[in-house]
Amino acid sequence: MYIDINCDMGESFGHFVIGQDEEMMKWITSANLACGFHAGDPSTIYQRVQLAKKYKVAVGAHPSLPDLVGFGRREMKLSPDQLYCDLIYQIGAVSGFARMAGLSLQHVKVHGALYNMANRDPMIAETIVNAISDFDPNLIVFGLSDGELLRMAEKKGLRIAREFFADRTYMDDGSLTPRNHKDALIDDPVLAAERVVRLIQERKVIALSGKEIPMEAETVCIHGDGPNALFFAMQIKQALEKEGIVLKSLIDQ
Amino acid sequence: MYIDINCDMGESFGHFVIGQDEEMMKWITSANLACGFHAGDPSTIYQRVQLAKKYKVAVGAHPSLPDLVGFGRREMKLSPDQLYCDLIYQIGAVSGFARMAGLSLQHVKVHGALYNMANRDPMIAETIVNAISDFDPNLIVFGLSDGELLRMAEKKGLRIAREFFADRTYMDDGSLTPRNHKDALIDDPVLAAERVVRLIQERKVIALSGKEIPMEAETVCIHGDGPNALFFAMQIKQALEKEGIVLKSLIDQ
Amino acid sequence: MYIDINCDMGESFGHFVIGQDEEMMKWITSANLACGFHAGDPSTIYQRVQLAKKYKVAVGAHPSLPDLVGFGRREMKLSPDQLYCDLIYQIGAVSGFARMAGLSLQHVKVHGALYNMANRDPMIAETIVNAISDFDPNLIVFGLSDGELLRMAEKKGLRIAREFFADRTYMDDGSLTPRNHKDALIDDPVLAAERVVRLIQERKVIALSGKEIPMEAETVCIHGDGPNALFFAMQIKQALEKEGIVLKSLIDQ
Amino acid sequence: MYIDINCDMGESFGHFVIGQDEEMMKWITSANLACGFHAGDPSTIYQRVQLAKKYKVAVGAHPSLPDLVGFGRREMKLSPDQLYCDLIYQIGAVSGFARMAGLSLQHVKVHGALYNMANRDPMIAETIVNAISDFDPNLIVFGLSDGELLRMAEKKGLRIAREFFADRTYMDDGSLTPRNHKDALIDDPVLAAERVVRLIQERKVIALSGKEIPMEAETVCIHGDGPNALFFAMQIKQALEKEGIVLKSLIDQ
């Protein structure tokens, strides 16, 4: 049994540092690299690609809306053409660093507000899928399991990876508990690790209501910032390995 | 006899428009595409690459220091690592658009203040050459004929293209007359065209002093903005063709 | 009879030039100065304030969403706190230049997407009005006559100025004909000037349907870019003066 | 005996957090507020001004070269006009927030590379002094005791405050030991506090050579980032108070 663990990386910007990327690289198999629009200046991208190579972590682009001060978390109304070109620009830039390190981009995971917009708006989803597919049809599209983005990606024949969020609870319909709900987040790494193990072994997750619901995922998303991110990541890796589950990036599966 | 004519392109930024790029594409053979740091947002890059394809113009990257408000014309002290990564980022971004249009990047011409810095500072020249060579050793380096950049590029085994400036006068030592000199610029397109013809046929140029000096160039730089840029470009093309000189990009020679 | 004529000014950014501001200053009485977020770098603001002083034009701030590449024309979801602070920052910056020239800011007119959002969303309108009022309760709020922004501004006791658009047609309910309608724009300066005269003399405008509708306005908005902006502005000024209508900024009325 | 303690504040940018500003406000008397060009988005400026008010800390502007990704630490060649306008813009923006909180700007301390350039280049120093003086001649200019900036500021009749760096060593001529020297920094808060006390009581500092040299300062600069910044600040405050030295901002002296 295999699973991929992905984490956002390179979300520093010049002197502004976010995350503990080198430490985090030890516990994951896929790195989503910020591309400069919400974070990730060129020097940061370069260094993170080198780290990914060192720790044998697969690299993907993590493009965003052009909103550095808002960290890509504010919805913006871009025209399809603008969005398409903004994605090509970002994926192209990160792709250059990857290629120079002898790596291929494995995947694209869109960031922040764009992630949410892509999951509910078919036109935005289509624009993103077109950009990814036109850039390189071998790129794997990361996204929410029941969202418009992955629906569109499958329709276009792209390989997809459904994300499971290790630190989030789920509703009975399989959607994420909204962030403003008091029980939206799982703080306990042991519990989170148990949930990931169950997901992989049984393809199930226990919803907030206590009900056991079916869940499919090819990649588990963990977060790299926050005070106990490293401990969280380590717990999950250890819990998985104890169960004989192998951590592998998707291109290696 | 062949000559390449290059021009800066895609120096618009969103709603801010500079140049008459589509018209200009008809008179040139190589387009230096702004990469987003001094001008050239993603949508502009996309459109200019499409235009270059339509008019069979070779494309190159025209990377800059990160200074949008200063249009890349103000010197900045970047560390070699920062400069290297800023270049990879920009070349990578433009390269993605080119590849998607079925084109390969032909060349890199650095922009503005960086152009000047590269010509006089060996360390900056070396950083630029390393970035270009590491990205793709087939890229042709455009630059000033007697500057540090081309010296370094040749040393590293890269193909170079020496630029002749059609609208500038030269000193006896082959250097450009400084811009603040009253006779630095040539406004008359007929005279400019004559100078280009002589350069190609005789490998000579008449310096400001009236003296005939030797001059070698593989590409002629013309400017795309200014009120009579199009007329200037057209005159040069016609004068060359009248003399049987063929306009060809460097990858086609 | 008095009328104010306002125009967006200072919408250049560094090397990127938009408009013919000095020429335009001769035909208007209020200048809406871009504040740096969609256009208007510090040097441009400085120069435009000096021009306004020279031509005795009242100055106002023209703040925007933070979106330079989109020229402030793309809707963004800012939190009320972010929007409030973005406005204070921009108004403060322009205010400093005005004060140094011995001028007071007369008004605030929000730009682009924010203008539209303010007219339809009471919460955004309230945030804008709070920012203006907290900065300086003597500032006049420019806006659409039947929009949320002016409704909120009046409620808070701020002086308002309803805008009439000289180059736009109106629907029977007094709203602007949407821009995508083929007859949304009025190209003929003579016709536009006639409409402005009628507005001032009769407080009426002829809607697209041919119906005469009531219309109130304290300021007429004209545009500074486009090929015949100057001719348009001149026509309006001359038509008004011929009718004995005096062009005066609001602080001079 | 009085002394002012200043610290850079508001050097976060949106989601990117630097420093522990609220904690730091407890130990200082003057806050140098980043103005948006190297750090300090509008929401951050707003919040820091509120904190300064809460902790009765005087506020000043901390303007920078326009280089967010380089944190204002890279030298750039601006024209005097550009620099002048960039300063007015930044001081104006911060000034608006201060005024709205019922505070007046006490001082201006230029940031990073501009601080160094101002100390050695008379033309840059003059431009800065002109901008400050034109904006508000009551502003106090913070700077290096023997630099061009304070020399020019005094010449123009502005009040100055010479800075002593609590965590830096000095050379025999009173200049700072260059940062690349192994003993440039003082890590020990107790030693640093002793040096500040001696400076105030005896107007002397012990240079790196062991020699006692004269030193004058009206304000002590401490740093707000780094792991033990708070402890450092607390030590200095306590050491000073133990000696009966009163911490007071300059406008309160």
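In this document, chain identifiers A, B, C and D correspond to the written order of the chains, with residue numbering beginning at 1 in each.
Simple rule for what comes next: a residue touches a chain if its C-beta (ideal position, glycine included) is under 8 Å from a C-beta of that chain, and two chains touch if they have at least 3 such contacts.
Note that the coordinates shown come from a computational prediction; the quantities given were computed from them, not determined experimentally.
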| item | value |
| --- | --- |
| Comparison of A-C and A-B (more C-beta pairs in contact) | A-B |
| Inter-centroid spacing, subunit B versus subunit A (mean Cα positions, whole Å) | 40 |
| Whole-Å gap separating subunit A and subunit C, where each centre is the average of the chain's CA atoms | 44 |
| Touching two or more other chains - residues of subunit D | 41, 69-70, 82 |
| Category of the chain touch graph - line, ring, star, complete, other | complete |
| Residues of subunit A touching subunit C in the complex | 66-67, 69-70, 74-78, 82, 113 |
| Subunit B to subunit C touching residues, read off their complex | 12-16, 18, 39, 41, 68-71, 73 |
| Complex contacts: residues of subunit C adjacent to subunit D | 36, 41-43, 45-46, 81-82, 84-86, 88-97, 100, 134-135 |
